[in-house]
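After this come two complexes, each holding subunit A, first together with subunit B and then together with subunit C.
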Partner chain A sequence: MRRGLLGRVLGEHPVGAVFVTPYVVFLAAVFAYPLGFAVYMSFHDYFFTAPGAIVERPFVGFDNYVTVLSDPAVRRAFWNVLVFLVINVPLTVVLALGLANALNAAIRWRTFFRVSYYVPYVTASVAVVGVWLFLFNSNGLVNSVLGPLAPDPSWLVNSKLAMPTVAIYVTWKQLGFFILLYLAALQNVSKDLYEAAAMDGADKWKSFWNVTVPGVRPATTLVVLLATVTGANLFTEPYLLTGGGGPDGASASPVLVMYQKGIEQGNPDIGSAIGVLLVIAVLALALIERRFVGREES
Partner chain B sequence: MKLQAGLLALALAGSLVACGDSGGGAGDADAAASARGPINIWYSNNAEEVAWGKQMVAAWNAAHPDQKVTAQEIPTGKSSEEVIGAAITAGNAPCLIFNTSPASVSQFQKQGGLVPLDSFSDGTSYIEERSGDVAKQYKSSDGKYYQLPWKSNPVMIFYNKKAFAKAGIDTTKPPLATYDEFLAASRKIVASKAAKFAIYPAPSNEFFQSWFDFYPLFAAETGGKQLVADGKAQFNSDEGKKVATFWRTMYADKLASQEKYTGDAFVDGTAAMAAVGPWAIATYKGKVDWGVVPVPTSAGKPADEIHTFSDAKNVAMYSACKNRGTAWDVLKFATSKEQDGKFLAASGQMPLRKDVTAAYPDYFAKNPDYKVFADQAARTVEVPNVANSITIWQTFRDAYSKSVIFGQEDPGTALDGAAQKVDQLAKQS
Partner chain C sequence: MKLRFVSLLVGAFVFLFPFYYMLIGSLQAEPDPSVSGAIPAGNLTLHNYSEINSAINLGRSLVNSGIFTGGVILGTLVFGVLAGYALARLQFRGRGVVFNLMLLFQVVPFQLLTIPLYVLIVRSYGLADSYLGMILPFAINSTAVLVFRQYFLQLPVELFDAARIDGASELNILWRIAVPLVRPALLTGVLLTFIGPWNEFLWPFLITKQQDLQPLAVSLSNYLTTVSARAANPFGAVLAGACVLAAPAVALFLIFQRRFISSSLESGVKG
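Showing the complex of A and B:
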């Protein structure tokens, strides 16, 4: 039966449109419109002005993108965040899955451990950063334990170690959330599969590798994507932990540079160009990850 | 902050501009200049300034019930400048802000957010009569005053007498006038373990951090030059390189730390010296037995020839203000000799007016510790009032951080490289 245009748009249950409208409006207001406006700004010589101020905002084509891409600080920031993701995402997946698996077993103090892993996630970064500064400065606890093996310069002021340290910090901070995702996914893995594996002579490791890992693959896809997206948005840690992306820009992230140039220095057109490039990069990365990690889902 | 949030902030601010483009205009400005009625003001959130602000507003309101002033602390944000910039864009900035950073004035001006104070018949004369020659540093590149020079915190070297005594250094006239003396004293402090570090300027990369390490010494070494003058960078001069080399030695010899410190290293005893203005005295009370000397120079200039960074905060009038006649009157009232005296008494910060010591002899007789700051206030250097000011400072800081703090490049080469970029930025004025 042929349906009208309205019918095709609203589907078989038009009342559904009423229910999704608030969220569509929300998405349009806080995501689609800002993104569209950011794209607009990135192609114009744009700066913020007071209402009533009459200024020229000429179309400049790709000039802002050329400025951004020819700026070594921006290129460095994109490289830094790639280093961050290469460390943070695999570490997050491995630790979150391993710990969730352990916490899913009938161990003593299970609730205590679950809460312990979740506490850093719900604690404000500003508060936790102070603890990490104490741990990782040259006279901190970590260097005291390492003794002569402690790096010089110390972790957060060492241009080679600053970003890995930030990546480890963020992994630790976010881990509780990803453990929760895996714990939920583990409830859906059928016990029959474990029993069948045991009957086939699989030990615990083989059972984990051949039953658990494939069983939670949808969750792994989600964890990888979420860790990538939140990691690419890195701002608070280089802003607070390494004093504005130091040392010498070694831990600067694209969002930090976007903030410096767009807000602090009053060049929102440049900031927007960085933002648009980051969106494109994250989308590309997410597609690649979905292609490899989520291949069996499809 | 998430990327989406960043884009949202950028876009919403931009869309507010787009929405507001058709409103207002210069036609209303003349009427606003003489309009009188209620106004809003913002002031800083430190306890001393809040106390002063409240009494100032109460005094004004008591005498002018038909032109009521409503005051509040600057809303919190990552920085005051960010909050003010957003308020300008949204069109809801107050009439006056008693905490306007001179470094941000060019940006606010570009945004169309400021009222030139010259537009009032007695604007220029009031500013120049109150502040004297120092006022000229606050003129914008178009020759107008978009800020009233209000108060300064001349940066000097505070030292901890207890730590100096432990290190065997004279505590009444410590040898800190030349770079060699400063380095020798610093080595004694660290070697004797009187403090872990001699001094602890923030080693982080924020654009404004150079105001408290390089810039005061540069002002002193050059006899009062700004970072940029006549559209050209000045910091890669021989004097600038001497200052950079001095600080490089401090970091290389671990007399200053490369690591971020949470807290006040001077108060905690981690550092025996601090480069800061008189606002900090209140925080040292009962915690540190301190003395103060001018910043060092390579040859040890006499104290009465030494310039330093002003660390000033000024008052600006914002273009969203409707009753500008009242705002101008309030501005003059708040910076009158009487109110400046009350501000000095409440905060210990120096009003940017001619000959502060002569204006308030009783205060300095009762508070002799502050007299040295009043003397120094006569020789202060402001940040250059040029376009791209923040970008220029960030460019400088990046080069300074890389070479001086972290030693990854020769300081002279790094400053030369930064000067080329800064020259380009300054040309865009």
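Showing the complex of A and C:
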């Protein structure tokens, strides 16, 4: 094959650059440019105008951030998502690992179980929200079953229970995906370790705790990170399940507030500032979690 | 072990019951939230389906969902296969950069981008209430590109060398030799791409205000938040719409469940 100067500069198959061009243009237009644009808007007085209109959009420094951080609705939303994560992330890890571990044993109806756990994950949230509303409204089936134990006011209109109910809904919806991640990770735990543990006289619980849990630690790190990112992106559920983050903002998420302020009320600069803060918060949280969960990896 | 089997069974019940209840609720003439109402006995009707159909025009909404999803799948198959092939099989300047950028952008939360994308697509390009505006941010599914790349990497290198010595162009090699060998990857890519736009709510919700352009997820949620309060049997109609929205994704999943499950494993572990 001819490899002249041109070949050394452009590589052996310069046509490859042509093949990836549409994808690179897509990444630039849909990720890189909007990302930069969001940061730009958050530092300027930006407002909606008719297409093509040229107006001045002065640089305002951290003004938008100050507005955002001193807004009790925004602070409430960030607090809410923290409550969400404190419930959702540990519950996801425990349930997903427990069910994956049970599924990993030779057991009847394995395919049936795997499929049934995964169905909520492939179904549109808008569709499943409908049935959760039916189940959890004040005279819904859940309260009929609970009888006198039913909370008052009911789940989704109770300011203490709304966010936890949303957190449990999301755990339920996403769990199948995380069970599959753990199932894959369990295949990589060496059988010898279980045998060694059994020789040392460890019972089932001990070998789960001393072999399985450390063995799937990289998967746990991934599950925790993915669950955190999913939680930070929460929008559909508070919008529909609790009627726009109700009662009285008790289940509003940052993305919901970002939508309300940025688009409904027409302040994209404020909305962008919320978005940038959200990403910084998620990155910080992810670093902490990585430290905490992944510490025994090396 | 009995305990293990019982806990799996309880789990399966918790996961499947809402779907069963969705179907039952969509068929009840009167909403019956009592415990005995969960077991159907009389009181069943298809009226809720015609109710939701007259409220949001199910057919039109399904067509819109189909065009939105179809556009994304088409974009992913054409441009995603080209990109996946180039990233796997062609040596060119900048390949490493493109690959790393792709991985980097996978972790950017889409929600951060909704405000700037809304400003750009709706305000600057005037693409509100259009299929193009709906499809654009999802046009190439990066996870599918990763899957395509992975499959192309597994093909033997001799195959490509032989074709190149015969003077075949890269486009010819891709189309005549590589693509027919990775058909399973194409199916996987289509399935994994499908559930994204079909279930997507936030983006089409933001950019479609005209009802006859809204995908089913959007028109159903608008019904849920505004109209349903005034309907005779709001839950019945909402659940009927929910069944229609859920059915295609669930059916595809049940038919191809092996492929779905292995593809999410691959993308999860490797991506």
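Methods note: the second predicted complex is superposed on the first by the 266 of 298 C-alpha atoms of A that agree within 3 Å, B and C clash if a C-alpha of one lies under 4 Å from a C-alpha of the other, contacts with A are read in each partner's own complex, and residues count from 1 in each chain.
The working rule: a residue touches a chain if its C-beta (ideal position, glycine included) is under 8 Å from a C-beta of that chain, and two chains touch if they have at least 3 such contacts.
Being a predicted model, the structure only gives us computed values, none of them experimental.
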In the superposed model built on subunit A, check whether subunit B and subunit C fit or clash. clash
Between subunit B (first) and subunit C (second), which does A:Tyr117 come into contact with in this model arrangement: first, second, both, or neither? second
Where does A:Phe177 make contact in the superposed view: on subunit B (first), on subunit C (second), on both, or on neither? second
Counting only touches as set out at the top, which of subunit B and subunit C does A:Gln260 meet: first, second, both, neither? first
In the overlaid three-chain picture, which partner chain does A:Gly271 touch, first (subunit B) or second (subunit C), both, or neither? both
Of the partners subunit B and subunit C, which touch A:Pro14 in the superposed model: first, second, both, neither? second
Subunit B versus subunit C as contact partner of A:Gly245, first or second or both or neither: first
Touched partner set for A:Leu141, first subunit B, second subunit C, both or neither: second
Looking at subunit A, does subunit B or subunit C touch a larger number of its residues? C
Go through the superposed model and pick first if A:Phe48 touches only subunit B, second if only subunit C, both, or neither. both
Which superposed partner A:Val30 touches (first subunit B, second subunit C, both, neither): both
Please state which segment of subunit C collides with subunit B in the superposed model; the candidates are 134-142, 170-178 or 224-232. 224-232
In subunit A, both subunit B and subunit C touch residues 30-31, 33-35, 37-38, 41, 46, 48-49, 51, 130, 133, 137, 232-233, 235-236, 243-244, 255, 258-259, 262-263, 268, 271-272, 275, 278-279, 282
Residue set of subunit A touching subunit B in the complex reads 30-31, 33-38, 40-41, 46-55, 73, 130, 133, 137-138, 153-154, 156-157, 159, 230, 232-233, 235-236, 242-249, 255, 258-268, 271-272, 275, 278-279, 282
Write out the stretch or stretches of subunit A touching subunit C in their complex. 1, 9-17, 19-20, 22-24, 26-27, 29-35, 37-38, 41, 46, 48-49, 51, 98-99, 102-103, 105, 107-109, 111-120, 122-135, 137, 139-141, 143-145, 172, 175-177, 180-181, 183-185, 222, 229, 232-233, 235-236, 239-240, 243-244, 255, 258-259, 262-263, 268, 271-272, 275-276, 278-279, 282
Contacting residues of subunit B [partner subunit A, same complex]: 1-4, 6-17, 19-25, 79, 81-82, 85, 88-91, 93, 107, 110-113, 202-207, 258-260, 262, 319-320, 388, 390-391, 394, 398, 401-402, 405-406, 408
As the complex stands, subunit C meets subunit A at residues 1, 4-5, 7-8, 11-12, 14-16, 18-19, 21-22, 25, 31, 33-35, 37-38, 79-80, 82-83, 85-87, 89-95, 98, 101-102, 105, 107-120, 123-126, 136-137, 139-140, 145, 164, 169-171, 195, 198-199, 201-202, 206, 217, 220-221, 224-225, 235, 238-239, 241-243, 245-246, 249-250, 252-254, 257, 260-261, 264-265, 268-269
